[in-house]
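Each chain gets a letter, A, B and C, in the order it is written, and its residues are counted from 1.
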Amino acid sequence: MTREGYVNSALVAALIGVPLWAHVAGEPFTITLATRAVIFALAAVGLNLALGLGGLVSLGHAVFFGIGGYAMGILAYHAQIYSPMFPDTLAIEGTKSMPVIWLVAILCSALAAFVIGLLSLRTTGVYFIMITLAFGQMFYYFTISWSAYGGEDGLSIYIRNSFPGLNTLVPIQFYALCFALLGGALWLSARIARSPFGLMLNASRQVPHRVETVGLNGQRAKLLAFVISGAITGLAGALFADLNRFVSPTMFSWHMSGEIMIFVILGGVARLFGPVAGAVLFVAMEHVLGDLSDYWHIYLGAVLLGIVLFARGGVIGLLAGQAKGHD
Amino acid sequence: MTEPVLDIRGLTKHFGALVVSDEIDLSLRPGEIHAVIGPNGAGKSTLIAQICGTLAPDAGVIRLNGQDVTRLPTRARARMGLARTFQISALAMEDTVLQNAMLGALGAAGNPWRLFSRAISDKALRASAEAALDRVGLLDKAAMRTSDLSHGERRQLEVAVALTLKPAAFVMDEPMAGLGAEGGQRMTALLDQLRHEAPILLVEHDMDAVFALADRISVLVYGRIIASGPPDAIRTDAAVRDAYLGEDA
Amino acid sequence: MSAILIVEQVLNGLQFGVMLFLMAAGLTLIFGVMGLINLAHGSLYMIGAFIAATVAGLTGSFLLAVVAAMAAGAMAGALIEMTVIRRLYHTDHLDQVLATFALILIFSEGTRALFGSFPLYLDTPALLSGPVTLPGGIEYPRYRLALIAAGLAVALGLWLLIAKTRIGIQIRAGENDREMIAALGVDIRTLYTFVFALGAALAGLAGALVGAIQSVQVGMGEPVLILAFVVIVIGGIGSIKGAFVGALIVGLTDTLGGVFLPELFKLFMEPASATQIGASLSSMAIYLLMAAVLIWRPTGLFGVRT
C-alpha cells in the first residue's frame, strides 16, 4: 500500500471508530460533529469532481448545497403542515421519507447545475469563478425574498425525516446513513476518475484543444462533470438540513461556497480522500479553536493561507508526499 | 490521377487589413508528403488553424475525402480522419504516456461516455494505443508520466496520438521543431513510413527534412502560395530563391 | 407613479452605480495589470468604513475621516500586497481565490475582535446634510448628490491618471505586455504595489462614503464585492470603461428593479403576490442581466474577445 493508502485507511478507520466509541460512551455530541464532518465531506467530494478532475473553479457550489437543503425543507414543511404544494393545481404532497427527499434533492440540484454550467462554461478562468459566485448570490437573495418558505428566517423542521428500517433519531443510525452515502460518492468518484469519461475529462482540464482535435467534446464532458458534482453536493445539502432540522438562505451564502472549497484544498485537490480529510480537519478546528476563541476564523484563515502559500498538496500531500491519487 | 484526400480551394482570411491567407489552393494526394514552407509570419499557423477548424476562413472551401468540411468544428473533422499534431506539444503532462495515446484511441472509437468501466481495462482502446506507441518507439515508456519524457519523446508521442485516430490525412505542425540531429533523423524515418498509412501535410522549418521527405513543396509568402511543385523544381525556382530561400538553398 | 419618484430613483441608481464603480475600478485594474482575482477587496472597503467612522468619532471632521479611510485602505492594500498578494501573481486562480478568501476571514474576524459586532454609525457632514431642491421642484438628499459628483470626479481623475500620466503609461503597458515594461526599466514590483494600493484606496474611499448612509459593520464589504464582480463581468474584465458602464447599468437595474418591478406586476396581479414576485425577481434582476450579457458576449461588453 502507498503512503496515501495508509493515510486514507487511517481516516476511514477514524470515521468508523470514533462515532462507534462515542455511541458506546454516550457522547451524542461527538457523533453530531462526526456527522457534520461526513456531510461536509460529501459536499466537498462533489466539488472535487468538478474542481479536481474538470479543473472548474466553482465558487458557487453553495447553490447546490442550498437547493438540496431547500428540497428537504420544503418537502418536509408541507408534510409537517399537512398541506400540499400548489394546492389549486398540482397538489404535490410533502414527504418525510429520506429516499424521496434525496432523489428530489439530487434531481433539482442536477438541473440547476445543468443550467448554470451551460451558461458559465461559455467562459473560462476568472470569469467562470465570478459567474458561479454571482449565481450563488442570486439564489441567496432569491430565498431571502421568498417569504412563503420563511424568507430570511428560514424553515424549521420539527422531527428528523425517516428512512425505512432505521430510527434516524438515534444519532449513530443517522450517522451510518450519511457515512454510507459518503462511501457511495467516493466509490463513484473513484470509478469516474478511472473511466473513459474520466480520461476525457482529465485531458480536457489539462489540454482542452487536444481533446477537440481527437474528436471529443471536452466542453460537454465538463458540463456532465459539473452536473454530477452539483448533484452530489445537493445530496449533502439535504442531509445537512436534516442534521440541523433547519434550512435558511445562509446555506446559499458565498461563505458556504468558500468553505466547501476550503474542505477540498485543506485535504488536497484531486486526491480521492482529500475532501474527506479537509472536512474532518475543518470540523475539528471549528470545534477545538471555536472553544478557545470566538474569533477562530482568524486561525482558519492563517492555516488556509499557510497551505496555499507553502503546502500545495494539502494535508494528504503533507502526510503522503506528492504522488497523485488516481492512476 | 487519384482524387486528393484533402483539397483546399481559394482559402482566404483577413485580419483587418492584413491578408493572412490569400486565395490558397492546396491538395494532398494519397501516399504523398506535401510540405508547406515559408518564412515566419507567412501565414502557416493560420493556414493550419483553418484546415483543422479552429479558425473560420472568410472565403474558400476545404474538402476532406470529397466532403465539404469548411464550416465543421474541429472535432467533427477529427472524426472524419483529420489528424493534427501540434507545434508545441499538447499532451496531458500529468497523465501517463499510455493515457495520452488512449485519449486518441477513445476519440477514434467514439464511445467516451462511459463512467463506470475502467479505461485501462478496455482491450480495444489499449491495443490501439499500444500499437501506436509501438509504431513511434515509445511502447517501453508507456507507463511513464508524460512530463518525464524528453522533448524528442514528446514529439514522438504527438505523432502516436495522431496515429491512434486511424487518420485519413495528417496535418503536422513542425514535428521536427527542437529536435537534435539524431532525433530529427528518427522523426524523418518515421514520417517516411507513415505516408503509406495516410498522406501528410507537413508544415516544417527544417529544410533538410523537407527536401528529403516531400513529394511536393508549396512555398507560402505573405499568405500567398508563390510556387508549388516537386523539390527539384522548388530548389531552382527563381521567385522562391528571391523571396525566401535566399543564398542558403 | 410620479415623475418625481422616477427621477429620485434614477438618481439613487446613479449614486449606487458610481459607488460600485469605485470598487469595480480597483478590482478590474488589479486584474488587468497583475492578473489577480482579489476577493479581499471588500475587506478594504470595510476597513475604509471603520476607519472613517472611528476618525469622525474622534475628530468630528468628515473630510479627515474620508482622507484617513483612503490612507488606511492604501496602507492595508500595500501591506497585504507586499506580504501575501505578491506571492500569488504567478499561481493559478484557485490559489488566488483561496488566499484572498483567507484574508477575508482574517480581516473580518480581526475587525470583529477590535470593534465588536455592533454596527458603528458615521454621520453625514453638516455641510452636506438635508435636501437640495432640484429643477422641477424635486427634493433630493444633498449628500447623495455629492456622492454622485464625487464618484464622477474620481472616474475622471482615474481616466486622466491612466490616459495622461507617466504612471498611467506604465499601467497600460503592464496590461499589454509584462516583459516589455520590465525591459523599459520600470520597477515592476513598485508598480504592482502602487496599483494594488491605488485600488485599495478607492475601495477605502467607497467604504467611507457609503458608510455615512448605511451602518458600518463586519461583512458589509462582501455584498458590494460580489456586485462589483457582476459589474466587471458585464463590463469586461480589465476594462476601466467597462467597469464604469457596467457599474451604472448594475446600479440602475438594481435600484429601479427593486422599486418598479413590484409596481409593474401590480398592473395585472393582486398586490400581495405582485409585491412578492416583484421583489423576488428584482433581487435576481442583475444576475439575469449578467447571464444575458454572457450569452451575448462571453467576455463582457468591453472585454478582449479571444
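Rule of thumb we're sticking to: a residue touches a chain if its C-beta (ideal position, glycine included) is under 8 Å from a C-beta of that chain, and two chains touch if they have at least 3 such contacts.
Bear in mind that the values here come from a model prediction, so they are computed numbers and not experimental data.
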item: Grouping of chains that still touch (sans subunit C); value: one piece
item: Far-end chain from subunit C, centres as C-alpha averages; value: B
item: Innermost chain by mean C-alpha position; value: A
item: Inter-centroid spacing, subunit C versus subunit B (mean Cα positions, whole Å); value: 49
item: Computed distance of Cα centres, subunit B from subunit A, in Å; value: 44
item: Subunit A-subunit C separation of Cα centroids, rounded to whole Å; value: 31
item: Residues of subunit A touching subunit B in the complex; value: 191-192, 194-200, 202-203, 206-207, 209-217, 221, 224, 324, 327
item: Touching residues on subunit C, where the partner in the complex is subunit A; value: 31, 37, 84, 87, 93-95, 97-99, 101-106, 108-110, 112-113, 222-223, 226, 229-230, 232-233, 237, 276, 279-280, 283-284, 287-288, 290-291, 294-295, 298-300
item: Residue ranges of subunit A in contact with subunit C within the complex; value: 51, 57, 59, 119, 122-123, 125-127, 129-131, 133-135, 137-138, 141-142, 144-148, 254, 258, 261-262, 265, 269, 294-298, 300-302, 304-305, 307-309
item: Contact set on subunit B toward subunit A in their complex; value: 52, 54, 73-76, 78-79, 83-84, 86, 90-96, 99-100, 102-104, 106-108, 110-120, 122, 125, 161, 164-165
